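Pasting the structures here.
Shared between the two complexes below is subunit A, which has subunit B as its partner in the first and subunit C in the second.
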Partner chain A sequence: MNDTPENNVPTDRVGTDAVGTKSVATDSVGMDSGGRDDALLERLAPATDVAGLHRLLELRAEQDGLLDVSYRTVDSPVGALLLATTPVGLVRVAFDREGFDAVLEALATRLGPRVLRAPAKLDEAARQLEEYFAGTRTAFDLPLDRALSTGFRGQVHVYLPQISYGHTASYGEVAAAVGSPRAVRAVGSACATNPLPVVVPCHRVLRSDGSLGGYLGGAQAKNALLALEHAA
Partner chain B sequence: MSMQQPFEHTVTEHGPTVLRVVRAVLGPGPDADDAWSETFLAALRAWPDLPADTNVQAWLVRVAHRKAIDVTRGARRRAQPTDILPERPATTGLPETSAPDLWAAVAALPERQRLSLAYHYLGGLRHTETAELIGGSPEAVRRAAADGIRALRRTYTPEGAPR
Partner chain C sequence: MMTTDSPVVLGEDGLARPPWAAADPLLRDYYDTEWGLPIRDERGLFERLSLEAFQSGLSWATILRKRPAFRAAFDNFDPDVVAAYGESDVQRLMGDAGIVRNLAKIRATITNAAATVRLREQGGLAEFIWSFQPDRTPEPRTPDEIPTTSPESLALAKALRREGFAFVGPTTMFALMEAVGIVDTHLVGSHRRGTSGVWAS
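== the complex of A and B ==
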């Protein structure tokens, strides 16, 4: 990195004014050429051209079994959702407010950095969610990867789908159901860290006084899901 | 410490740069598309073992250089009369739709100018790094890149820009 000035090259991509490098801007042409070179070089690869190649990369990465995590986003009545899957199954559903970049970085750290936007692998999950939000599906039938649910929290997450559509349970009832009736607060934190919200229905768990309790997607989202299920 | 960033960021951030490089080296078209795909597949394989402080763009451009050579060799092998073209999904826009005159001007450059321009201006490698890839001295590479860009400016002016 301690080259002569002529050898210094922008680390940015083409398109910043740094591209008018000294070797050109001061050469014998002697005109202010930086901006024109930018336009010149920018036209050599419009950003949209990469979309088709990305789809091909998804296919081949999939065929070669190279992906730790595939993801896509879907729109929903509770905002954009990020869906992520491993080769085992759906591993993460995230709300917009969690920050998709942060979620993806956490997935890369936990599950491996071969993380690629590859929507096709999540078509079935997206379809079932769409049906759920349309009110025509009351249970999910998807392979799940429970890698992010460990220990007591994992026990709670496995139990939650037994609270059926349109019904609710209290944190205390869930604690009793998983065999630790005194672990009410631990059930609360298990729900707060559910890696598969909506699909694993932590929104059906309320405080014993009937008030809402917290929710990863926000109180509004929890209300919306309960209203959808006519449970509130 | 090895790489922990989601690979997708790399494709988004450096995909267009790598495409420019392989198009300048191979000409826009199926060979460049193949080199791009092979570059990112190889990168995906190597990704978890890459040191976290790697200059990812420079690393990708070096991989692209090797893949471009592989594609060129493969293309020679494929140029047999009995060969059958593999089926492939439609990928990039055809070069005709994006600055065809400019690509013609790039293709018309002498090889060393074209490669120096590809790896330095489009790929962001330093002249010393480019020289390691394509041979010759860094100074010769610098001159070739400058000559190349000057020739492009002479033969191609973007719409609306004063000539």
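== the complex of A and C ==
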């Protein structure tokens, strides 16, 4: 059966946008081997069903432990969000304005080139975000991969979830909490480089005069999140 | 070392530089082409950290003149190679007139190389040091407005010591942050201000 048309999926298809795969992943997750997937293939992927082919690719990649990063996008009141996970846990949440392609490219450089759109792996994260935006969830319970948080920024990022839902803290209070009371400006840049916005609540950090301060997702998004939490 | 009470000096080329970079051609070229430009790789930052440590108590001109000899003696500051140095290497370095023969600093460099290798588990030395970048940079208008330490350099010094590094005081760490572009302490209006690309002018 290996020579049937169904199995001769041209490998260059794997890298096209039509199946939503980053081209960096093509080398590792080609679909050129063995008959053990024939049943799956028949069930999931008629020769012309691109979605089915992609689902098969996801399953194959998952079975073989081939993925460095899986990702999907979700809609939210603060615009489309990109969610990315490693086998360890959620590693990145990105706002539309950051440019999803640029973010995925950075992830491939940093975490490994095998990056694939695989929504199923992020179902739980997507569900919790949906509940958060609906006002029914006040804390996230997800495994997180802190690989993108190092040094001082890592200390700040790990601390942030202690600022509870509906509450805020000043940059100075966060600086004191991580043991460097005067390093207010480094807290500012740590918040600005939070790899897991929304889930790790850097939006709850404000200037000591109560004004908003910067936000990766823009002032409007920060305001919207604070309004959501105060209204709930 | 980078601060002074005297005003900037106008060079023959019409460009203003701080006094430390105005006279000696070696320092002038270094100021014009290296100082303050971003270093973001592990080897580069390990070299810089090591040379800043050797500098303490001496002039930067001395270190800069000896830099080629330092690079030769320390295997181009490859952290893996330096981390594996033993007593025979310490003896070799103490006998090398091309470098600064200070036993404590030589041992600290080897210690720091090992700490640099260990830091890879946390994302590496470059990410670690840059994680102390403030969200704003000083805007000195006169040389005496240039700080010699900052809350961030203090926090960096503390954090590096916690990771096993030696000879990493807050003043040395501020000099490092200036030299590798983490802060821009060029005087406002100087021809080098903003050239790192890290800070919008």
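Just so it is clear, the second predicted complex is superposed on the first by the 182 of 232 C-alpha atoms of A that agree within 3 Å, B and C clash if a C-alpha of one lies under 4 Å from a C-alpha of the other, contacts with A are read in each partner's own complex, and residues count from 1 in each chain.
Criterion: a contact is a pair of C-beta atoms (placed from the backbone, for glycine too) under 8 Å apart; a residue touches a chain by one contact, two chains touch by 3 or more.
All of these numbers come straight from a predicted model, not from anything done at the bench.
Novice: According to the stated criteria, A:L66 is in contact with first (subunit B), second (subunit C), both, or neither; which is it?
Specialist: Touch status of A:L66: first partner only.
Novice: After superposition on the shared chain, which partner residues are touched by A:R55: those of subunit B (first), subunit C (second), both, or neither?
Specialist: first
Novice: What is the contact status of A:G210 with respect to subunit B (first) and subunit C (second): first, second, both, or neither?
Specialist: After superposing on A, A:G210 lies clear of both subunit B and subunit C.
Novice: Would you check which partner chain A:L104 touches, where first means subunit B only, second means subunit C only, and both and neither mean what they say?
Specialist: First partner only, subunit B.
Novice: Where does A:R114 make contact in the superposed view: on subunit B (first), on subunit C (second), on both, or on neither?
Specialist: first
Novice: So, does A:P143 touch the first partner subunit B, the second partner subunit C, both, or neither?
Specialist: A:P143 contacts neither subunit B nor subunit C.
Novice: Look at the residues of subunit A and decide whether subunit B or subunit C touches more of them.
Specialist: Touching more residues of subunit A than the other partner does is B.
Novice: Which subunit A residues lie in the overlap of the subunit B contact set and the subunit C contact set?
Specialist: No residue of subunit A touches both subunit B and subunit C.
Novice: Note which residues of subunit A are touching subunit C in the complex, please.
Specialist: 147-154, 175, 179-186, 188-190, 192, 214
Novice: Which residues, counting only subunit A, touch subunit B once they are in their complex?
Specialist: Touch residues, subunit A against subunit B: 3, 6-14, 19, 21, 23-24, 27, 29, 33, 36-37, 39-41, 43-50, 52-57, 59-61, 64, 66-67, 69, 71, 104-105, 107-109, 112-117.
Novice: Which of the residues in subunit C come into contact with subunit A in the complex?
Specialist: 122-124, 127-136, 151-152, 154-156, 158-159
Novice: Applying the document's contact rule, which stretches of subunit B touch subunit A when the two form their complex?
Specialist: 3-8, 11, 13-17, 19-20, 23-24, 33, 36-37, 40-41, 44-45, 47-48, 55, 57, 88-93, 98-99, 102-103, 106, 120-122, 124-128, 138, 142, 145-146, 149-150, 152-153, 156-158, 161
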